[in-house]
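In what comes next, chain A is part of two complexes: it sits with chain B in the first one and with chain C in the second one.
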Partner chain A sequence: MFTWKLLPFAVAIIFIAPIIIVFSSLFGTYSDTWNHLIEFVLVDYVSTSIFLVIGVSIGVLTIGVFTAYAVTNYNFFGKKFFEWALILPLAIPPYILAYTFTGLFDANGDANVFVRLLFNLENNFVLFPSVRNITGAIIVFSFTLYPYVYLVTRSAFLNQSSSIKESGRLLGLGQVGVFSKISLPLARPAFIAGLMLVIMETLSDFGAVDHFAVQTFTTGIFRTWYGLYDLNTAMQLSSLLLMIIFLFYFLERFSREGVNYTNDNSTFKTSKEINLKGVKSGLVSFFCFLPIFIGFILPIIELIIWALDARVTLFNEKFIMSSFNTITLGILTGVLCAFLAFVINFSIRYTKNNFLGKLSSFLSIGYAIPGLILAVGITRFLVFADRNIFSDLDFVITGSLVGLVLAYIIKSYALANSSIESGYERISNSIDNSARLLGARGSILLGKVHFPLMKTSFLTAILLVTSEVVKELPATLILRPFNFDTLAVVTYTYAAEERMYQAAMPSLAIVLIGIVPLIFLSKMIRSSRLAET
Partner chain B sequence: MKKVFSIILISVLTQGLIAKEVNVYTSRHYDSDDALYQEFTNETGIKVNIISGKGSALLERLKFEGTNSPADIFFTVDAGNLWKVQKEGLFQPIKSTKVLSKVPINFRGPNNEWTAVAKRSRVFFYNPKKVSADEIKNISYESLANDNWRDRIVIRSSNNMYNQSLVASLIAKNGEKETEAWARALVRNLARKPQGNDRAQIMAVANGEADLAVANSYYIGIMLSGNAGIDQLNAAKKVKMTFPNQKTSGAHVNISGAGILKNAPNPENANLFMEFLLSDKVQEIMVKKSYEYPIADVPLSSEMASLGVDFKEDNSSVKRFGELNPAAIKLMDRAGWK
Partner chain C sequence: MTQNILKIENLSLSYKDQEVLKNINLSLDLGERVSILGESGSGKSSLLRCIAGFENINKGKISLKNEIVSSETFMLPTEKRGVGMVVQEKALFPHLTVKKNILFGIESNSNKNEIVSELAELFKIEKLLDKLPGQISGGEQQRVAFARSLAPSPSLLMLDEPFSALDDKLKQELYYELDKIFEKQELSILLVTHDREEAQILTSRSLKLSQGSLSLIE
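Take a look at the complex of A and B:
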């Protein structure tokens, strides 16, 4: 029992240390940069961020919940396809969608040129409005991040017993009533959890908002660091951002406390899908196709246009090496992260230790730390470790892959945790009790009883983390060892110079590698459906 | 954890195997640089190890690595970045006469901590159909504040360090108060909210969205070379380039530069690398591939030569850009330059 209290605690401390280092800036001195920030820009940063978060929240909830409900409860044209294809935009990082959007919709972008050619219009005719603004940013985040809401909401809808909906029907509710009064409230914890991930990712993003010249809190952090040369104030700003997110996180947890949304297994009945025909079927198909088109097909088309335009060798050594690095790191981190989340969640369950639960939540906010600031925390931590722990040994961990892997784990622990946590919610406590009566303790319970039941969640965790690592950019830029490029780094170096035609190939590779875990995920979604019917 | 440790072990072991190397932290990420590093290895047998990233992020890494830092060379664009490293006392003076003899004193650190490797100028690109010869004659950075430019100018965001250095140089020249009034007027004269990079500004002029763009000189070279695609080549042909302040203080010039770090584990190799960067051969490659202006006396690329060979440079030292950078940012914030 004691090891299960101590082990995850010790591991978690290592992972929390860099976050603590960022937070410790709050107890340092406050420079007069603050006066300038408060007087001239802070209000702007904060209001833009709030506006962005509200816009993106409405966007992802509308798209994610609508599509999840449609594919779970209705039968319509292309439904089987939409069921898995709706998660494809997850393979497109927001910054790549932003790059392709400007390539398409700028005054002389490919979409505008296409419209001109199609209708034989004048050279200065511009159909699409500029995307380089906050509306553009809201669209980009909504269409790349809604799958987080879709994924969890869909599995929540799948787990809703039809008997409860039938009761609603009997009490006189129509289709809309069943959705708004029964299904939606029951799925609330799921889509709020998905929404939290989306909000965290939106707030910590730098690439997309920077490209659109939208000044958010995060771009303000970097401006303070790079331009005003004031890293300490930048870290204080990051800490504030983290505290706000932390507050959200606990409010969400608190609102869920004591409410049990699980079904009693014995009375569970799968829902019958309602067949849609004609116009209705077509309309639902259209609305399910739209997010896939905007968030996946359109950017791929633009990337292919660029790749074809490039007159340089695309399959060079740099490209192959960076692909290899990206894949290796993705899988390695995925496994480590899933394992960590599994052990920590097991310990929480096994020892019923509340403090560990809080620790796990704290680790989850790592997802919201802007990558570069996290990198600063990690560099300081590694240097500290080198000086104090490894000083007698003949190697240094600063500048090695350790820092990078640590950054990825902190950044994506939330993804692994959400998957493992919901997996554990589905394992009844009675199983533990029976196992323990039969003498299974600690590692036996973990390995022989829980693991086989959790295989799907474990794999989901690995896949989610891998697809996230493949996309990660800012922390990779600063923490990577010598001569170590990932695809995201190569993409960035070209895109920073707006050499999009050269950035196209590595971008496409990021998308392709990101799709592989998603295909596995879709398969699991489908098979979970089959197993139930 | 086993896996992690085996990876560390492997990376540590392989690092030890290659004795002749030079470790470079760079914020330049041009493809042409990769070819340069390869050339250095071919010539000397010394392997070049690279970490690229944003200037400030690399500086932070240097600071915290301290005496453990594996870095030999810091190579960057913008004098401000070099100044920051110098201020932290992380450079050692460059002693090689092969280097010092080629670089004018205003393009070096106060005690030769760093030296320029190439130059670029921040110039104007305009649409000759919409801008009169009168307007272009005697044009200066200062005159962009005049009312005849209302809604006609494009320039990128104040997040960009090229703009920060330009404003810093204006503060050094005209004082903070006057420069702030100038920035306010410039913001009024913008055709659109600042967005995109320098190339996007030139494209905006070519497409008729604006009449004049402020951008770095070398972008037009890359666009004219045709390597950036047919759209950019066509756009580049539609605009003309002009050097501002030719009758007065001269056009704003910034540098790409490098220095040897104090704790460099391979100081001899680092010195060779610096000499290599300033050799005529490399200067010529840089001119031809990245379209910068050389420090050594070598001919310009044909693309850049076609836009003017001799121009008056602002001779005020690039040393002050870094020092005035925070003031420049705050000034742009106050002026509402997004």
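Take a look at the complex of A and C:
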């Protein structure tokens, strides 16, 4: 029993160590780099980050809330398709949308060339403005991250009993009034929670803002470390960003608690959808199609065109090796994460210790930490371990795959945990009691009773983590061993050199793998609708 | 001459191929209280939903205060019908306090605060005004639901099994209080229930709805 209690603590220490190391930098010395930062760039980092967050918030709320309201309350052309297809942009990491956007909308991008050819215009005619600026970044984040808001808000709207909305109508509200005075305020905790996730993702991003040359905290941290070679100041900057992100993390948690103030399930009545016809139906369909087109179809088309146009061997050694590395790392991390979540959840159930339960949900905080900051903390952590624990060996773990896998595990544990946790909820306690009466305890109960019952959850956890690992860019970029490439790194490297045609195949591979968990998610969305009817 | 509040003529309603209401005729005058008894699924709630404007009718017409509000070709939006409704699930807005729930339908009324105070006193909910619906009991929630529905002074108050989620003691208490309030305010009431006792206490005329058809109970 003692071992099972100890395990979550041991894992927590490893998870927290890099974060503590980052924060500890605040109590160290402050180098002259700070003078440079304060004088020239810090104000830019802060103001750009704030502007970016405000712009993206408006964007994701507009797209996410309105599409969610439309698909839950109205019947219009293509509604069943839109209901699940609206999550597809989640498969496109912001940096890949950023790469395709520059390829499309630069002065000589495909969109401008297409317009010139179509209307036989001069070669210097530019219709679409450049997207290599903060507006471009806002558009990119809005169209890739709105599904976070859409998913939770849709679920909140579905949970609103029709009798509440009908009461509003009886008390004098029209359809717009019901939306603005009843549905929207009731769904507020849900979409605020989704918004917090979006803000965390936006503040954590490195690939897209770097490509658009937008100066945010993350690009600042990267430049301080790799440009000014000042890891300590990079850590101090990271601490500031981390504090802001944790604030949003706790706001998200707080908002989720409020989600339950909707209805008493026993008296829940499903809302009747309003049929839209003609122009109204067309307009709503168009509004729902637009984010899917911009956030998913357009980049896919552009990537396919690039891949077909590339005058290089698509399946070259670099692509094959990076695919192999990516999938191996993804599956390895997936298995480790799923195993860890499985054992920790078993410990909680076996020892019936509430504190361990809280500790487990605390471990999920890793998803909120930007990959770049994790990389900063882990690098210091590994150097410390190499110097003090493996001092006889010559820096054996710094620069090895250990750091990278550790970063992936910390960042993806929440995904594995949610799948394992929901799997455990389906196993009745009476099964444990019967097994224990028959003499099965500890690892026997875990291996012979729980594991066979949890296979699907285990596999789902591996899939979810793998698809997340495949997309992760900044942590991979920093922590990968020398000459070790993944699909994300290859994509980044090609895009940084403006070799978009070569970046197409690895990008498509990332998107393809990213679609796998969405298939599960869309099945859940469809079954949630079926369950109602 | 007494004013006619509700008149239903030859009303029929179908969901897909199933006929839920068949050739319904009903009339209700000012201050009159009528109950409709029937088993679950007999179409009682559907009838109220037609009157409220939540359902498109297939045949016949519904008039409120001598004005047609529903017919085969016309449908006045719910919010313009001036009717109130209390349902079993109470349907209080969980994000608003009791006071704001009652104020909801009378925001533009200059006497809104007086109306709230009066109703709060009438339904004995003065001490609950600043609480959220989730913080009060089921019986108290139902009192608030009644107060909220009466605030805009509806011409007709429809009650869709409003007491079925309450325990017997609470029901009896509310029956007698409501009877007095309805009497005092000269309200026109259309009550839908499967409980004969409830119908007897609260209404003067009872009808039976069975397989979509309405008949008088002797």
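In this section, the second predicted complex is superposed on the first by the 365 of 533 C-alpha atoms of A that agree within 3 Å, B and C clash if a C-alpha of one lies under 4 Å from a C-alpha of the other, contacts with A are read in each partner's own complex, and residues count from 1 in each chain.
Methods note: contacts are C-beta pairs under 8 Å (C-beta built on N, C-alpha and C of every residue); 3 or more make two chains touch, one makes a residue touch a chain.
The shown structure was predicted, so the numbers you read here are calculated from the model rather than taken from an experiment.
Undergrad: Examine A:L228 and indicate which partner it touches, taking first as chain B and second as chain C; both and neither are also allowed.
TA: In the superposition, A:L228 touches chain B alone.
Undergrad: Would you check which partner chain A:P185 touches, where first means chain B only, second means chain C only, and both and neither mean what they say?
TA: Once the two structures are laid over each other on A, A:P185 reaches chain C alone.
Undergrad: Please tell me which partner, chain B or chain C, touches more residues of chain A.
TA: Partner with more touched residues of chain A: B.
Undergrad: First (chain B), second (chain C), both or neither: which does A:R132 touch?
TA: first
Undergrad: After lining up the shared chain so the two structures overlap, which partner does A:K5 touch, if you call chain B first and chain C second: first, second, both or neither?
TA: neither
Undergrad: Per the contact definition in the header, classify A:L170: touching chain B only (first), chain C only (second), both, or neither.
TA: Second partner only, chain C.
Undergrad: So, does A:S161 touch the first partner chain B, the second partner chain C, both, or neither?
TA: Only chain C; A:S161 stays clear of chain B.
Undergrad: Contacts for A:R116 in the overlay, against chain B (first) and chain C (second): which applies, first, second, both or neither?
TA: neither
Undergrad: If you lay the two complexes on top of each other, which residues of chain A touch chain B in one and chain C in the other?
TA: On chain A, no residue contacts both chain B in one structure and chain C in the other.
Undergrad: Chain C touches which residues of chain A in the complex?
TA: Result: residues 161, 163-164, 166-174, 177, 182, 185-186, 188, 261-264, 267-269, 272 of chain A touch chain C.
Undergrad: Which chain B residues qualify as touching chain A in the complex?
TA: Touch list, chain B to chain A: 3-4, 7-9, 11-12, 23, 29-31, 34, 49-58, 60-61, 64-66, 68, 70, 84, 157, 159, 161, 164, 193-197, 199-200, 203-204, 207-209, 227-231, 325-326, 329-330, 333-334, 338.
Undergrad: In the complex formed with chain B, which residues of chain A make contact?
TA: My answer: residues 33, 36, 40-41, 102, 106-108, 124, 132-133, 210, 212-213, 215, 219, 222-223, 225-231, 309-312, 318, 332, 336, 372, 375-376, 379-380, 383, 386, 395-402, 405, 477-478, 480-483, 489, 493, 496-499, 501-502.
Undergrad: Report the residues of chain C in contact with chain A in the complex, numbered from low to high.
TA: Against chain A, chain C makes touches at 52-54, 77-79, 83-85, 87-95, 104-105, 132, 134, 148-149, 152, 165.
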